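Just passing along the structure, written as structure tokens.
First chain written, first letter: the chains are A, B, C and D, and each begins at residue 1.
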């Protein structure tokens, strides 16, 4: 039994996507922790932008159940309207966004709306929230999700938040999408990445305890594998400390 | 003339069957649950709900059969995940069929700004490439942009920290789409933690959310946003969301929850008696540094 | 890293020749005269000025030969009437020809919102039937609406009551088009009456005007808006506007005014020594009632 | 010599255009006083909306040189952005607006932009400010100006703020203008009104000391005269008291 949970590993990996100085559009759940971890480690000047209408330069001092929780407001650099936060993203000022996914496909398109016919769905998912906005407008983005064959599918039936569309070169630019698109899919089993300029996801690393075959077997398409595929680096001691500081009861990371 | 009235009166007078109602405009904070529960108690039907994500309020109204259409970016239970009543309505037409007009958070804001500025639509670069364009007739494309049709609520219902009897409302913390919802709506109903005098509200006119000419009712409703948080007053009651998520998983569970938390509760004051206030009350105060409105 | 610098440094670094500069966004209050005067002293040329009415600031910059184009709703001297330098530039090309892009107050706001939201234009019902549509190439019609092309300033310059060294600016009173100007601009230069600590600015994040990521310079410049008013600090100095109106009536009078009030004055501190501060200082304080930002 | 100035008479007449309960879009100069007078007399619940971003339900407690002066902010019902004030007007919520005119024509069109060719004007006027917005979007509006032959012209060469356009029935509606148009032109010599539904201005009253012929002689077109044309009612004692209270030094009304 490992000394950390799947969620803690995912948070650590997600935090490494944040570069120092980034303006990060922080989504709900694990990304809130990822921002906190990065800010306390390798990205001390990264700022968080929250669609509810907040900007911060440090993690909240207490646990957050949502981005609108009071600790996220106290000490904020800006408390404003959502449309102002979106304005920054529409101008290309947001370096990195996080989106939670229900279903993703090989081209990084996310479905958080409908499984089946939208007029009579077999599953009605909650919808876009700010997901579509992030996917279209942020410079690069990352999704986090549970790695299951039914969730990583060849093609999603409904694109809520577009990745690289049909995968043809230049699809985003042709369709007028401002941002660069997804850079990685962080799952419970490994990390999928996209080639520079976009296209089809490939396996970049598998989490400790997993194998390439485990990951491929749980993926709904013939998953390509990087030549230099390796094991995902485990969370460091300081990453784990930070995660447990900001989620002391394991609300998001109890596994 | 005072606009102060009970929530029952405000809902009775300003939220008729069939109304288009903007609620939950703060996303996760200041959600007007008390107003929603009163709408359920009064048996409202055929409402169109407008909002960004509304936390679990829309799910409750849908489960109670009040809603004909939802125009929103997200419906569920933010910290817990899926909205079970929303799923049942969309997937099984339980308790009734539901029309969904999908938005993103940005586009629902623009739909309200379009109404506020009285134009048919506003253009945006968001939603390009999204299939949301396929399902929502209020979204169209042209000239490489998405055109978001105006959404004009009959009424916007907001919960705020304080307001005076004339409808001047102060709220702070992140505002989500509250300002544009109030400006776009024909009328605004305000519920507040504190009913204060004009000496408080007019001391800081920049913090007044809406022109008082839009506000038709002020309801003094402490705890009216529970279980959502109210900066300076209440933390978020995470356990209440978890409890709702568990109970609402089945129709029977939801109906039991509804009876216990809404139908058998005459008003918000009674509801609050069932809440462990000491667990969620904010007691450490952090007053903002005042602005000086002096002129002489 | 602090963003505090002198006005001379801020203008030197962030207002190059040829820049598009939004100023005077408060209409009649908080006009950044100190910044304008420094731009004149540094001999800026070929600027495009963007603003609603700017009181007499644009007239001064035009008279000093700094301006190539003005994109505004109104240029003059609000309490006194016509802008004499503006007239001379338009009618006689003195001191230089001036291109005018006419707007209304509403449409210049929308031009900035279009830039803030990064769309080519925003639609509106205003200006229909106005010949302003004939003279400004940034305005077009279609579908029964006017389409206002985005205006993106290189820099917005604002004066506020207080700011901290990181650029978090608090202003109060009517805001005109200040917020959209700051959001639309690539960069924001802030001058302030009071340089305060983050404990003050972050105590009230709702009053922070712009994301600090936009702000590149903070200039502690008490009186930097004189003769325009600053709520809580200075009344409007009506006599100064009258004096400027009289002197600027002739080229010679304007040049004399310019030498005396701008060119021969090294900086704002020196300028303020020539002002009868006791006549305009606001001494009766009216602190706003604080908001409670507590969370625990 | 009369016991009041031309400007005081104009303010009193303007104040009578304000109905109780009106939301008044208050322009600069005399209209600020007109709102104050009306609010203290026959229109106690009239509110003032100022494009700078203010709403008030009572006059400022001290003299205003501009609508942005500090006394106008203290006690305001709303201090906001200009675009929010404009939103109310765009929704048809503004009952009455005031616009200062430099040049007006028989159909109520105002020119505050250019005399002569806009590319090489003989006179460059300050521009629209909020005038065009008021003229197009408020339910009804009033202009105040000095009555001179060169200012009241047959047709303005440049329409900054549209009245009834070319005067043909339905011109405003055909061109998509939201509000009802001008209802009166209050000048230094008299009051011109427009027929219900718009069209051509006619003389409704002449100020004390003037005659119909005086007014017509100073008008740049063949001015129609109402059958019931009469002398303008003088400012009442209480109107004058209010005017002098809000403009104690005669800054706007010294004549």
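The rule is simple: a residue touches a chain if its C-beta (ideal position, glycine included) is under 8 Å from a C-beta of that chain, and two chains touch if they have at least 3 such contacts.
Given the structure is predicted, the values throughout are model-derived calculations rather than measurements.
Path length between chain A and chain D in the chain contact graph, taken as the least number of steps between touching chains: 2. Between the CA-based centres of chain B and chain C the separation comes to 37 Å, rounded to the whole angstrom.
A separation of 41 Å divides the Cα centre of chain A from that of chain C. Distance from the chain A centre to the chain B centre is 27 Å, each centre being the mean of its Cα atoms. Contacts with at least two other chains are made by residues 110, 117-119, 124-125, 145, 172-173, 175, 179, 206, 231-232, 235, 282, 286, 293-296 of chain C. Across the assembly, chain A contributes residues 54, 69-70, 73-74, 76, 79-80, 83, 86, 90, 178 that each touch 2 or more other chains. Going by the touch rule set out above, the chain pairs that meet are A-B, A-C, B-C, B-D, C-D. On chain B, the positions that touch chain C within their shared complex are 110, 117-125, 143, 145, 161, 170, 172-173, 175, 199-200, 203-204, 206-207, 231-233, 235, 282-296.
On chain A, the positions that touch chain C within their shared complex are 23, 47, 49, 54-55, 62, 69-71, 73-80, 83-84, 86-88, 90-93, 178.
Listed in rising order, the residues of chain B touching chain A in the complex are 26-29, 52-53, 55, 72-76, 78-79, 81-83, 86-87, 89-91, 100, 102-107, 109-110, 113, 124-132, 134-135, 144-145, 172-180, 228-229, 231-232, 235-236, 238, 241, 282, 286.
Contacts from chain D toward chain C in the complex involve residues 28, 50-54, 65-70, 73-74, 76, 79-83, 86, 90, 113-114, 118, 120-133, 135-137, 158-162, 165, 171-172, 175-178, 251. Residues of chain C that touch chain A in their complex: 116-119, 166, 168, 179, 183, 202, 205-206, 208, 210-213, 293-296.
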